[in-house]
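Below: a set of structures, written as structure tokens.
The two complexes that follow have chain A in common; it is paired with chain B in the first and with chain C in the second.
Let's turn to the complex of A and B:
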């Protein structure tokens, strides 16, 4: 297990590097892609968190969607600012996860995977058919992120891509620090134990049901936060965005980077999966084939993810989880 | 300390454990023997909460614990080491033992999450205690090694360390020396004695009769899910019934 001090130093260095990026990247288009990397990395972190506790959820995108819809509705119907709607949507998403998780988490394994697929698709259908959610067209004209006014000094407006980049960086770090706090505390140990051997963990006094539920709720709240950002950043959301294929991509981001690296892995994975297709755009017809080929090669030769290359050199440092 | 009344477990049509009565007093070592398939491991799993009995009762220190979940039974003070070396393979030896401290936290959830001084102090105390267990069992030098890199004998010892971490009053050992070399077996016997001297009650399932003979005050023999007999090691060894159960009936 990584010591908490190493985690803190690692996060600080990472923040510094990521904060420097807008000084180099000037193109708004590439800034937009990096913002997408940040948001998808948040979702991939959620996948890793649940995986640690032995839960493979194919419904992460649905919870991302719940966060997006809740945030959009709070802003449109109740006139709440983004800064109010964002935490509220994370809390509501977590509450929904608690209600559903109570039942689902009882029987993890294949049943759980299928149930999350089904529930995810039910969520998509609900978004598409309930009048409240605006049907297949979704919800449009969601107000953008409200500016922050600091009296007598200045105000920060979130119009430029750079400002949005810093916002997603902030949210990413918020979730990364939150998850890391769980990882380095006793909860992380309990999750790891459950993920590695649930029966043994249970015999050592770990209430596996409660800890799995905790992972499900915390992870879903994180996904809800990402959803809130997505809704306000895009200004429009549509139900089919949140289907199971999105979740599969989230899994790929995490696995590509390496599930043993809960913060860095998702960034690397999402970065490659989002930017490689862009670079290959010249050959648009064969792009999916090349991307697919890369993934197959990766699974064959680096099953622990790209970042396992780093720890292979050190003899004892092996990824855990 | 532990009292089992007419405990029965059916797996479909198979009766794995059939109306077994068992009575274990404080700080004794009881051996549980019987041919393969006699229901020894099933009986363990009924006591520690992995399986729910079909009928019958289990009392621990006067409390009815029949059908309790495994983690609740663990909280009450029953822990076990498993037949196969069941460990968290990818964790270090120390972290493996550390899992056992899970239920002993006294500080509040949020304090532990924010790592306040009192929570960190508690963690340090647990770490020290875990190291003491490893030292007691002679594994302190291997504390940072990954569990999967340990030899089979050390893995079995680690399994017992992990059980000790929950500070059980009753320790169930399922074939503690299976697959061990004679020297490793000697070490394990010594360790089990040392554990008993600390005041723990121990139930051992074992095929190695040498171990049973040298450790146990009392032996319970199971066959086809039923209790065949119960008595001191010498009584059991001389019993015709037991010899018959193991070797079959002599035909003259």
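Let's turn to the complex of A and C:
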């Protein structure tokens, strides 16, 4: 645990660097990739948050999908603007997670993983079969992010990729700061205790069930926020996007960077996993095989993630979970 | 009415017994080496492809191809344990690394099958054509062979676990690996054998299902249903796997007939959800037990 000051300074420097990126990168294609990096890093942060509390969820993509669908439906059926639909979809996703989590969090460990896998699949089936969600074709023509009008001064339009990049940067920081606040408050200490040794934590008076449920709900709300952005950025969503494979990729992003690094790890991991195949122009067919091999090698030889190479001091730190 | 019930029960038994085998194999792997082996479904796919390749491409007899698919998946499972999971099993907090490594294996096998065999699915001719009538109930010979083979293998598995030396060693290791090694049991060997047996069961199930359904690279998705069965029956219980598999098979068979395939699936999820709400550990599981710790 780093001190709060170090964390604030680190976050400021990171923000500054990330905000400078559009000055260098001009190509819309690469901007799009960077936006995807930001969104996936948000999802990977969610994974790390749940992992801290000892929950390994294979259903993150399902909540990402719930956020996307809820936001799309709110915008299309109720004519809400993005700025209303986004927080609402995060809240609704959190509420759904609360209802489901009440049952799921009861038996963590293998049971939880199995149940989240099944949940992920049920979500895809539900999106695909219920008429409300538009079937396998999904929902199309979702309105883009509404412009912000500041009276008498200027208005911000979210048409260019650069503007979307700043929006995802803002959302990423929002989630990062939100999660960091949870980490440094008493909740973070409770999660850490649960992650290290649940039985000991319980005997010290930490209500495991309640804190795990909190982690599940907070993480799912964060995933819902990312989903809302995704729906409005892409303009169309389809159920198969949100399957279990997506969650596996989210795990890879987090683990490649290092699960001991809740903010920087996901960025590095997502950056490498998304940009390197694009730059190297690896054939789409063999890309999953390389990813799979990479996963196995990573687990065998670098279980702490790439960032652990940089910080010698944290050599003995091990992933919580 | 009675004949209809009999017909549906036979259909349900056919599919249910395959799930029993699959769930039994995965329960072994979950309980003895404690590997959350998410690549399990891909071994099912591999078994089906080997049977298809053996009978259709190389014109081998059905049973020789079946034995080939059992052997190949078993050996591959044991090797995958020795090459990957052996090294991360004894690390502290091995839970996440094991899942991640299994996910890697899953991706490699899935995409490998897609590259080698292509995306299209392959049907194959039934090896045992014909129908048999028992009174009013009409059963295809193929289904009967499937049921008999599945029962036979379940019996063999029971004998293996309960009566043989390696079965006793497996149970000892699942109880306490370090203590059992004091008794002269080599845990690594037992783990390898268990992974082999589990994956071979998966390959066998794939083999006997290949003539019934078409063979395709996304057969590995069956892992979800197998996990459902295990959830239903209880994580640590072999008998639970049997019970869960049969309940699933019968529910699906009766549900398909009375309310249609899609609704049957949703009904199944509902039933399992309700059972888990009241019995979080599954039907025969122990709610307090947590295999991860």
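Convention: the second predicted complex is superposed on the first by the 296 of 321 C-alpha atoms of A that agree within 3 Å, B and C clash if a C-alpha of one lies under 4 Å from a C-alpha of the other, contacts with A are read in each partner's own complex, and residues count from 1 in each chain.
Methods note: a residue touches a chain if its C-beta (ideal position, glycine included) is under 8 Å from a C-beta of that chain, and two chains touch if they have at least 3 such contacts.
All figures in this text were calculated on a predicted structure; none of them were measured in a lab.
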First (chain B), second (chain C), both or neither touched by A:115: second
First (chain B), second (chain C), both or neither touched by A:248: second
Touching partner for A:190 - first (chain B), second (chain C), both, neither: first
Partner chain(s) touched by A:292 [first = chain B, second = chain C, both, neither]: second
Comparison of chain B and chain C by chain A residues contacted: C
Touching partner for A:129 - first (chain B), second (chain C), both, neither: second
Which of chain B and chain C A:205 touches, first, second, both or neither: first
Contacts of A:300 with chain B and chain C, given as first, second, both or neither: second
Residues of chain A contacting chain B in one complex and chain C in the other: 199, 318, 320-321
Residues of chain A that touch chain C when the two form their complex: 51, 56, 103, 106-111, 113-115, 117-118, 121-122, 125, 129, 198-199, 248, 251-252, 255, 259, 285-286, 288-289, 291-296, 298-300, 303, 318-321
Chain A contact footprint on chain B (complex, rising order): 48, 50, 69-71, 74-75, 79-80, 82, 86-92, 95, 98-100, 102-103, 105, 112-115, 144, 146, 162, 165-166
Footprint of chain B on chain A - complex, ascending: 1, 4, 181-182, 184-187, 189-190, 192-193, 196-197, 199-208, 316, 318, 320-321
For the chain C and chain A complex, residues of the former touching the latter: 30, 36, 38, 84, 87-88, 91-93, 95-97, 99-101, 103-108, 110-112, 114-115, 223-224, 227-228, 230-231, 235, 262, 265, 269, 273, 276-277, 280-281, 287, 290-293
